[in-house]
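One chain, subunit A, appears in both complexes that follow, with subunit B as partner in the first and subunit C in the second.
== the complex of A and B ==
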């Protein structure tokens, strides 16, 4: 059995540092989710409106954001804005901006999908009953939409957490960066640390995402 | 915008785009095979393999590709399994994509009604024939939209390969920014090349979706 470098974890504050790193990633994804949810709901509702200009603008926004890899978006915002506008964004704020833009696009598409899955007669019947536009949404459409939407938006949270691993590339010190630092610092004493440490990071992400996935799956089955 | 600079470094981007496409295609193909195997195992409810497939799917779906790649590229050599970067990229993409493909195909399998398999069996087909001629074609055509979405997702994920020093589009752009400070030009070319790769795939996806919508029985 070769040395797997797991003992490095117990040295000093290494394990605690890894958790702090994971905390940074989780904080950024949580902030982005909190921004994306309301904005995505708003845009998703707007997308179902018949106004051609609103539809076209939102469609372009959605397709542009979704076709670009998130890493490219990160680079565009982090390096591009510095060059073009002279902004000096920190890695953290650049990532929150990018993930909010991306999350809003994804969320709005989920909302749109859930809304158009409601058959047209639901709208027509409530109009026939004399409900106004606001009332129709509040009492008829939203309660039906939520059942479909909640499991899907919980899934979006796990995707957000997984995507935050990319922020390493624009210099944010998160769990992978901490792992690199630990491996570098212990290069002499335990040269095999890369195996153990990266395995631990792998499972840290798994532990962060799995319960959320399970919750989404459970709600999806329960509300089918 | 410095167009001469962009013209000068265009070949570099072309080479990187080819590399991205090659690794992406190999990874997508691998992911499809793994996904198909997992989906069939789960559909046929094969005893122990079913558990293994379930564990694999959960592990792969709940971890980021970047972390998987770091483990494959930096971690595995420490216990004597050494691979080059491109092989790691393909392996990582296969590991990640396999579970997504499995989920896409599984929902396709579930959409094939029981009557279909029962009729096939009563016509005297054996289990393998039923799978090959009756279930698989229908399941596949139902899952085409999800599969195409996964292909786009996997091609987008190739952008993290630059982290394990594969010279893909991302790596090239980062390199040029670092070397010449031509940020705008490098990023512009990067976006153009990704659009060049991803737009056709995305259009093909929506085309296939329309063509295959009525392929399933009774749809």
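== the complex of A and C ==
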């Protein structure tokens, strides 16, 4: 067994600090997911409408967010709003805003894709069966769309959790930053700690994302 | 109205530039220079009106926000109990104490220090901030409290004490992108350089005898020689001396003058020597105290 320097985790509150950092990352991603899922679904439905103005606006929003690296968005919202409007956002709120903007954009595109993938005959058949418009959506279209959306949105959620590692650039101390702090604080006494600590960070991200995947698998089986 | 709009667009563009350069600069050579990421967004000329808090406003607010490194042992780091520690932090605490306010530490990165001051999101940066001409156009530096220079470390059995009359057969180890590389290329073009990408590989190269000596920031080579048996820093100060100083937002004169006065006053009690002994002596030993510490803001 090579020396992974794991003993530094037992020093003081180091292990607890890592979990606190994970908590910060999860809190920010959870808040953003809760905001972006419903908003994304709403915008996704709007995107399938034929109204040219709505489509154009949503398209521009989606593309703008998609081509910008998240780091640039974070700097824009955190420092940019101070420069331009004089708002003093905290790092945490700037992160939630960026991740919600990003999550909403990506989610809306997923919803749009799932909606248009439902073949037209599904609509026509339910009309032929005498179902009204609301009933068609409620009993025929939405259940099928949801099933298609699950793997896609799980992917998005885990990506959001993992991308929180960027928010250390705007001063939010999350799990990766705590890891770097621990490694650096001990670089004289345990120079090998880097590998061990990053391994622990890997497991922390894993235990954060794994339940999400499990829940998705369960839903997929249940709704088969 | 239109002017204001244009101004805002410019400000926004400046932020994007900074963000992209920060994203691009990443961690390359992070091991090499504690204080020396490229000056981010050097053209971010836009000066927002009074983003900063004056001395009185800070006193009224009851808290001073100080940006420090949280992962640069021994200058600014967080210990196992989650407390900020280090040479910069020791000074930051004293500033808060003498101002009669609480200190709120903000964890900064090398690449975003200027941006934090330009947006007034911190009052002071005390993050191993090397004074350069380019940076001085974007932030106001107070009097220095530390020296940095280049240093050269070599094995005990063949200590390199001077770079004059260098044996062309021998190579000098450097890390790419560091001040050491630039300095040697400009001033000693005859010395063959052996370049490495990271601190770890350069260190291995010296230990394996691939080069005659290793040139880097003197704090780094001194720390290396302290930790490793059989190595001596033959040249502890090479080239032009840079200084490390606190920085405030451009134009925040009340705070700047107070910090300068404070640094002068602290000189009489040899505060920074006490700071060195409390925070840096473990890493650098007592031999380098005089060459690293600047007391009372005076450079020799």
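To be clear about the criterion, the second predicted complex is superposed on the first by the 193 of 224 C-alpha atoms of A that agree within 3 Å, B and C clash if a C-alpha of one lies under 4 Å from a C-alpha of the other, contacts with A are read in each partner's own complex, and residues count from 1 in each chain.
As a convention for this text, a residue touches a chain if its C-beta (ideal position, glycine included) is under 8 Å from a C-beta of that chain, and two chains touch if they have at least 3 such contacts.
Everything numeric in this text was worked out from a predicted model, so none of it was measured.
By the touch criterion defined above, A:69 lies against subunit B and subunit C together after alignment on the C-alpha atoms of chain A. Residue contacts after overlaying the shared chain place A:49 against neither subunit B nor subunit C. Applying the stated contact rule after C-alpha superposition, one finds that A:139 touches neither subunit B nor subunit C.
Once the two complexes are laid over each other on the shared chain, residue contacts for A:79 go to subunit B and to subunit C alike. When the two structures are aligned on the shared chain, A:205 is found in touch with subunit B, with no touch to subunit C. Once the two complexes are overlaid on the shared chain, A:168 sits against subunit B and subunit C alike. Once the two complexes are laid over each other on the shared chain, residue contacts for A:187 go to subunit C alone; subunit B is not touched. On subunit A, the patch touched by subunit B and the patch touched by subunit C overlap at residues 69, 71-72, 75-76, 79-80, 82-84, 168-169, 183. Remark: subunit A residues 8, 11-14, 17, 69, 71-72, 74-76, 79-80, 82-84, 86, 88, 168-171, 173, 177-178, 180-188 touch subunit C in the complex.
The part of subunit B that touches subunit A in the complex is made up of residues 58-59, 61-68, 70-71, 74-80, 152, 156-160, 162-163, 170, 173-174, 177, 183-184, 187, 190-191, 194-195, 198-199, 202. Of all the residues in subunit C, the ones that touch subunit A in their complex are 8, 11-12, 14-16, 18-20, 22-23, 46, 48, 51, 70-73, 77-82, 85, 106-109, 111-112, 115-116, 118-121, 223, 227, 282-283.
Residues of subunit A that touch subunit B in their complex: 2, 4-5, 67-72, 75-76, 79-80, 82-84, 158, 162-163, 165-166, 168-169, 176, 179, 183, 191-199, 201-202, 205-206, 209-210, 213.
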